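The following pair of complexes shares a single chain, chain A, combined with chain B in the former and chain C in the latter.
Here is the complex of A and B:
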């Protein structure tokens, strides 16, 4: 498919918090969008189209919020569309926006994702408005147990991920959790929520939003700051349940990763990707996705965590922003992974910047580990080739 | 034949399942709803000088930010269009037939949707002058206005 390059020239996010009761729902989204426009040196009138994403509407009880947010997003008289793929939606939303640029349909697209979890109850919303839902942790816990058994991983791997991501969050002023005294001891002594997952191995519930301004090559030349380039995008999905399904290493996730690497020209992801923002809402998902997306070989994902390879200073840093374990405005969480990947290759990640990052992976998954969205972004259009 | 089986009386237990969503209102919707509690109707001045009621947080045409320049409007206004509700359900604002109407309050350039309480469909007309019938106990919700009523009948 021939297409024109898409550049990320503006990135904005809110300070993620348990409760943002100082702003309305549109006001929260607006805050991130305004920051992205400011970063891009643009005004509302410069935007051609808006692509908005969020997780299920029952989370806040506002149905089709994209309609009532048209003024907050400056979308009157412009194309406005909403994307929905459960927890992966933030990533998918960014990909849909990128495709509008790559296919020459629009020149400047604003893409926004959010969740205001304090307005509702996600566990109740996930159960379709019925009581007694087991929640995401309840769905994922047996798959994490299965991974631990098959890989032979020691039990402290999950605790290590929980500590690493919270320490990273201390370097990210936008991160929700700022747990200055986090430790292995604290994680393993925190209450067991869904065996084997402790409270401190789980993501928080956050109010927050993320936004990006995407444009084409000409737009990137006019932008005030260095762009990040979208080098490849991929989306795959599968049923949440079917006979013979491997929920620990879903086939859709394997295929999504390989189509992504192939289209970016990546043959050795661990060597050619400098930093990854991977959707890890529960600690064990770090090693699980490292293996599930063939960054590590079978049974080797947990060894990357154990050896420190996934630390900011390691050879394959994962979630230097603090990740979903530190901030989880669900609908925005995927876009935050994508945006943080872009911040890294722009050299704009501040204190959690990974040295010399030129190729980054943004990743999101959703539903019963059944929707996958990923992108590779680079500091230049030939960034992958330059990484060997 | 088997022995007679005595059916115990059927036992019932009832409980209400509800999930109350919360809303953070922000500086504009907050001002509007707080005004209703105090029996005042608040609009906001748009960038072109027009007054929007209900107030919006941003210029609805351009998306530009608005200064928090609030304007008290009404309480009287003019019906700009309406629809008759013949059989109200329990969720409707009134338990007898009424009109939903767009009402442009005096001093506002946009219309607000609310109920108009008249005895029958032939008693409401576009252009009719109306005024709010406030509830005695107001809590900062749009229902603090029970309905609008014809001005002359107040």
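Here is the complex of A and C:
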């Protein structure tokens, strides 16, 4: 066993936008990576290895882009890995990078995730390209309808999530959507895309990148700013389709969460986690994952949303950054959740900071709700024990 | 680092055009690797795959390969958009933690449906190189020309590499191109992209390779002849070919040094020689002695399933140790054009 603590000492992200035509692909990742290095008080030459993640290459039309980005990522002469696990990829990429620190392979790892969706047609790509599938919304909509049916949730829960996350985004200067006049009425009146999902209950398509600098305990001591500590990581996958599968509460999501909580020493996630950045690309996924990861009991997830518990000021804030509903550069969206969780426990989340956050959950999922990546980060190595 | 062992491996044949889908031909390969390791599927603590959406011509193509793994109950799993050799590396890192003892890694590719000389230019810098339509053979030809001009290789030596690989491949039932070829006859063939002739290029292949890794305790418990990974490292170089010295492979050199290649004599090396001239570059970068046998399997010039060809070097090198009596072997994988990214591992028997 060579497990050693991993600290996040640098975090950077780009301004997310519908179209970042002011930067090239390498320019986009460099913007995020440079900010992460600045935050860590480091130079490019301080980095031992780079782990890059993104969703399908056909989104931008560049095959295995880590090869042409090696120069921009400062990776020449270093190890460079490229992860791709569908929508969960940003989270999985961070976990792969954390393993390099935890297992003593490297001392300083730069991990970066991005998507520049305006370069291509993401909707076409999500629908399987020439195979002509339904797209993400088309796959998820019946499962959301099933959740509504079984939980007895009132129809306005989805609208509330859509409004809450967009209001949170107004406190986050990096967020893509800045909908100052968002309201329940507007969400409800927006066009129906895939019943029950209205246009304003759906994530945008964004250009953006996220980067983090990870290091070991010694590196964290030398860092100029307080670190966030990786207290636990977990990944689980299952098949997307088979008889008897529960796609509303996938077993891989349940197991991933429990392995994560056990590993972090969390026995009561709702009480011991101060803030969660959960991958919610469509509004209904907030209550669905609260239940799917046993943060709320069966049929109680929507009650958390309804009661305001998931607001920034609530007892279990979800997506204070504005979440995927406000910025969705797909390959980076998972890493943004992981990074925003780390920002919260570092007390560095600015206007969307949750008071006294010391334990945070970062979460991502992908494919047909079949890939899960999660981490728990803390302000200290014993943050969970202190959060009785 | 903890010693991790290869305890099982399996490869599909290399097909010019597989009738089966990628998950279909992966399924028996994964099952055979598990059987070969004498373990049960449920004992696997981590799974990692390597494949490429662009070869399948479909977004999220790797998701379907999960069918061949049998991800139920749910599994701990990851995927790299790289050759399976990097999936092996990710699992090697993961096994260092010691909380799990067994990993399944695999690489697979079905390159036959697409036109590779149209697809592969998309792997280059999208602003300056892709628009030129530079295909792998053209890029390789630039490298071969640089080597010939520098007096580091001759066209005859390249033909000798091809003839030797094809002869060796006659003993490899998985090879796609094999036979007894006369080097003068090879040299009499016309150029495809000077100074490369068609036989200097690898075949277009579909196929898969799976490897089972285990921690030392697990390997000792289940495996008669574990093959130990004594060192492993990988490095990348700048992308722009004009900024590289194409006559050397600095990334292979660093990776080989970090993997400990030079610490003891090497018996055999399975190198990712996709174009005949690359053998000379890699031999020099790794400092291999004259007597080191390179690519007894026939190498990528005989069987080239993209995204599986690198991890296949691990399987072939392990086979040399477990089945052919070699003691110390090198496995090498490569990615990108003109050997831009390289991985080197030192494998040893007990």
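In the analysis below, the second predicted complex is superposed on the first by the 381 of 388 C-alpha atoms of A that agree within 3 Å, B and C clash if a C-alpha of one lies under 4 Å from a C-alpha of the other, contacts with A are read in each partner's own complex, and residues count from 1 in each chain.
Everything that follows uses one rule, which is that a residue touches a chain if its C-beta (ideal position, glycine included) is under 8 Å from a C-beta of that chain, and two chains touch if they have at least 3 such contacts.
Predicted model, so just to flag it, every value in this text is computed and none were measured.
S.K.: Does chain C touch more residues of chain A than chain B does, or is it the other way round?
M.R.: In the superposed model, C touches more residues of chain A.
S.K.: Is A:45 contacted by the first partner chain B, the second partner chain C, both or neither?
M.R.: So A:45 only meets chain B here.
S.K.: So in the superposed three-chain picture, is A:191 touching just chain B, just chain C, both, or none of them (first/second/both/neither)?
M.R.: The answer is neither, since A:191 touches no partner chain.
S.K.: Could you tell me if A:243 is touching chain B, chain C, both of them or neither one (first, second, both, neither)?
M.R.: It touches nothing on chain B or chain C.
S.K.: Can A:74 be said to touch chain B (first), chain C (second), both, or neither?
M.R.: After superposition on chain A, A:74 lies in contact with chain B alone.
S.K.: Under the stated touch criterion, which partner chain does A:120 make contact with: chain B (first), chain C (second), both, or neither?
M.R.: The answer is first: A:120 touches chain B but not chain C.
S.K.: In the overlaid three-chain picture, which partner chain does A:20 touch, first (chain B) or second (chain C), both, or neither?
M.R.: The first partner, chain B, only.
S.K.: Should A:61 be classified as contacting the first partner (chain B), the second (chain C), both, or neither?
M.R.: It touches chain B and chain C both.
S.K.: Hey, what residues of chain A end up touching chain B and chain C alike?
M.R.: 24-25, 60-61, 70-71, 75-77, 129, 131
S.K.: Report the residues of chain A in contact with chain C in the complex, numbered from low to high.
M.R.: On the chain A side, the touching residues are 1-3, 24-25, 56-71, 75-86, 92, 96, 99-100, 102-105, 125-126, 128-131, 234-240, 242, 250-252, 255-256, 367-368, 370-371.
S.K.: Over in the complex, which chain B residues touch chain A? Could you list them?
M.R.: My answer: residues 17, 19, 21-29, 56-64.
S.K.: For the complex, give me every residue of chain C touching chain A.
M.R.: 1-2, 52-54, 57-60, 62-63, 66-67, 71-82, 86, 89-90, 93-94, 96-99, 119-120, 122-127, 129-130, 233-240, 243, 250-251, 254, 335-337, 340-341
S.K.: Can you list the residues on chain A that touch chain B in the complex?
M.R.: Per the stated touch rule, the residues are 19-27, 30, 44-45, 60-61, 70-77, 116, 118-121, 124, 129, 131.
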